[in-house]
Amino acid sequence: MQLKQYPAPHIRMSQTTRGVMADAIAALSFLYAMAFYYHGPRSLVLGLFSVFVCLLCDILCSAISKKRYNLRDFSAVVTGMILPLMMPASVEYRIVAVAGIFAIVVAKVPFGGVGHNVFNPAAAGFSFAAICFEDALFTYPPADLKLPLWQTAEFTLATSPAFVLQLGGTPGYDSMSMLLGKYPGPMGATNILVLIACLIYLVSRGTVRWSMPVSFFATVAVLAFAFPRSAAGGLASVGFELATGLLLFGGIFLLGDPVTTPKREMSKVAFGITSGVMVMLFRHFGNMEEGITFALLLMNAAVWGFDMVGERIARWMRRKKLGTLEGEKIPKKA
Amino acid sequence: MPMFSKGIVLSQHKEPAFSKPVVRFVHPQTDSLKLDLKQIAVQTEQDAIIELARLARIVDERDGKLLYRKLRRSQGKAKIIIADAVDDEPYVSSRIGPLLQMGEEVADGLELCCTVAGCQEKRIMVYKMITDLETRISHSIQKIKVMRVRGGYPAYQQKRLSHLGDMPRLVVGVGALIHLARAVYQQKQQSTVFLTVAGNCVACPMNLEVSLGMTVMQVLERCGLTQQPTRVVCGGSMTGVSILDTENTLITHTTRAILAVRENQRDAHYTCIGCGRCEQVCPSGLNPMYIHRLVQTNYYAGLPLFDPQFCIGCGTCSYICPSKLEVATSVATAKAYALGQVPGGEEEDEAPEAGAASPSPAPSEPEPNPSREQSPDIPSLPEEEDDAQDDDLLKDLPNAE
Amino acid sequence: MELSKVRRYRKRHKLIAALFSQSPVLIIGLNLPFLIATSVSLRSAAALSLELLVVHMGTMAVALLAARYCPRVVRPVINVATSTLLMMVARLWLTVFFRGVVDALGIYIYLMAVNGMTLTQTNALTKDSHPLPVLRGAFLNVAGFSVLMFVISFFREYLGSGTLWGNPVAVFLRLPGVLVPFFGFIVVGFLLAGAKVLNKKLLGLALRERALREARFSIIENDVVL
């Protein structure tokens, strides 16, 4: 019989990388369904176009670096799906294309590709598009407005509650319409209820570890309570901060990217808290109404530090619990 | 925040082998070997039992150590005797099966150990998280209390025993207890070992009592092969060694299971996606992801921070990896480097592909499960000088023709 | 392989080497701040290139003399003094042609006095350096710098402001984000990686040619022996 040698273990869990990515894609599809309900088929076409651009760039870059491209690796698809959800439904196709190309060609592939990238590609793509096309990215169509596929120039676009908050005012929408997403805002970030459902789904499936979003939102809530931007202080301010802009969306999908965030539980909590502080700093003192992507890119650069500190603490805890083994080469300098 | 994970729950697949009776598949010549009682010239009952254990050449299948040495070390010192019937790896039931079927012999063996150690406390340890069993495991077997070990794989017996504190204890495998009872009451030498045969190529998965020295092929043919396997494993499904030559690989004292599986070709290779699940499930609190990356890029200088020497070889990291990478092998390589067993690390370029052990096509025996160790939580009994002249006892074991 | 072909190849390779595979900008990373922060318009590229030409060539000429006649301790002082003087002269000259650009460049005009290329190359001179090859190499380095400046500025100005040499042109896509120094880092990063790849290819060719040359010598030896 033809036997081959295999290393232990000899059974494996049935979920593959495809399954892990498929969870994220399923959650994002919920959001696309809501965007379709509010804005018509243009949102779906934007999503498909963005996925196509990201996949194409990924395949081309792999061809240049002569690596075999594994088509079942859906990381480019996830990036492509996240990008338009952060933008208004009236965004032009070329802006999405620019963001997608920047995300893959500049932020993902040169830093190592799948599994090794330092910066979150979706956050990087959105940040670049925000610097280039600030007006187009932060004016949104009103909810329930079905947009045509090609010409959107003749529709009047409104500003989102995040802009109002930046000026120090109070958004004039009641809580029900904010929860359901009946206000102008990013395509996938307005439906608070659906977003919370996505969060619960992802956490229960194990794609996103609960410690990260919980620590992030808790920090933001505390800071929003302590330093309200609008005249309505206290809990209303917490509600406004959490519900407007890309904060909820970013906390679930951008901070939930396992590659660009720390791995250990305690590092994740520290990262979530620090990210919350950074995001609130950007919101208070930043130029644009939405600073989470910039804050996240800064924090991505510091992930290595969080991980190494976490490893040192883990090493200390491990030695306390397990002691040292005989025959072990204990180095002089840890 | 839990750093040392409590393990993952695996679906055990122990049926149908578990509920079938344990079948004897023995060589009649080796099975009828009797002990020569005239050689014994001792005074006390305790020394008689130890001498019988020595002459019968009983080896504890838990760790491959001679039973009489363990008994001698625990003489007068151990306060509790524990029979180890924990089978936490899927498909394997070679301890709990004989326990349920030959309970009286196990009880006799425990009683003999108690006589040697001079204590009265006895327990049986059983793994609880087996959901697909048709037979229930009762709370006491032959009037001995059964301790249930909870938790996922790897089942840390030590966690359950932590309520015993520093009480000196003797832990013996179920098979060794059965052989001890037979040695004392029937003057039989240990010539068999209990193992499970399972896998999707095996027609009749069952627990067998097999003569030592039989080949793997004979055991597989006894249970019947429905299709040609692509992988034959000696040992558990998570920590076993895959062998290449079934005609020349023999059954030893520590063989717990033979698994014959046939699987489809693997998918295209994924890369590490940095999900961090391996780090979440490691029972020792290691970070297999970074260790794997360091080993793959041959940067061994960065290893001391990650403490790979604490790896217990459970294989959970490779199990849970969604990209199906050989993480456990990399950590084993790093561990060998950290313990100084491989100087420099330059030879390790081929090691991650070579597997945990490298059997040769010549007649060989699979190693007694070197990668799975006991956790250092057990306060071990004081070591004594082992008699050097007893090493030759294991040399002339009878072989099957 | 004929010797004449090899000789021609080596001559060509020298030019390419000074521009790319041994360019101090791309290989050693000198003068990068100019490439990153100020390469946003063609006018500024032209201004800086002219300034570097004046400063670098003049300082190298003076440094050659200083290396020959002055003690080692005094040479850096003389070099920096010369480059500062030349920078002032260049700045006055440039304000005639590029008034607005000189004001916009701010401190970078003044930084050219201590740019890395001049400092390292003047310090590498000894009293045995031959003036002609040194000056030719210096000119080629400046040429390499200005080629890179022009290329990057063209790309960034066209995409970022939609103008070329200050005149607006029709552009399909305007990306103002390209003008930010952060994007300059990205562009220079890609260029450095590309230069490394190119260098490897050229080095491979250089190694091959050297192997050919050594083979040629051994054949000659055999002929002589025979």
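The first chain written gets the first letter, and so on, giving A, B and C; residue counts start at 1 in each chain.
Convention: a contact is a pair of C-beta atoms (placed from the backbone, for glycine too) under 8 Å apart; a residue touches a chain by one contact, two chains touch by 3 or more.
On a predicted model such as this, the values are computed, not experimentally measured, just so you know.
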Central chain of the complex, centres being mean CA coordinates: A
Chain whose Cα centroid lies at the greatest distance from that of chain B: C
CA centroid of chain A to CA centroid of chain B, Å: 45
Chain centre separation (chain B, chain C; CA means) in Å: 68
Approximate Å spacing (C-alpha centroids) for the pair chain A, chain C: 42
Complex interface listing, chain C residues touching chain A: 173-178, 180, 186, 189-190, 193
Interface residues, chain B side, partner chain A - complex: 1-4, 10, 90, 228-233, 235, 237-246, 259, 261, 267-277, 279-280, 284-287, 289-290, 304-307, 309-310, 313, 315-316, 318-324, 326, 328-329, 338-340, 354-356, 358, 371, 375-377
Residues of chain A that touch chain B when the two form their complex: 1-13, 15-17, 19-20, 70, 72-73, 75, 113-116, 206, 209, 211, 258-259, 263-266, 269, 307-308, 311-312, 314-315, 317-319, 321-323, 325, 327-331, 334
Interface residues, chain A side, partner chain C - complex: 94, 98, 106, 110, 128-129, 131-132
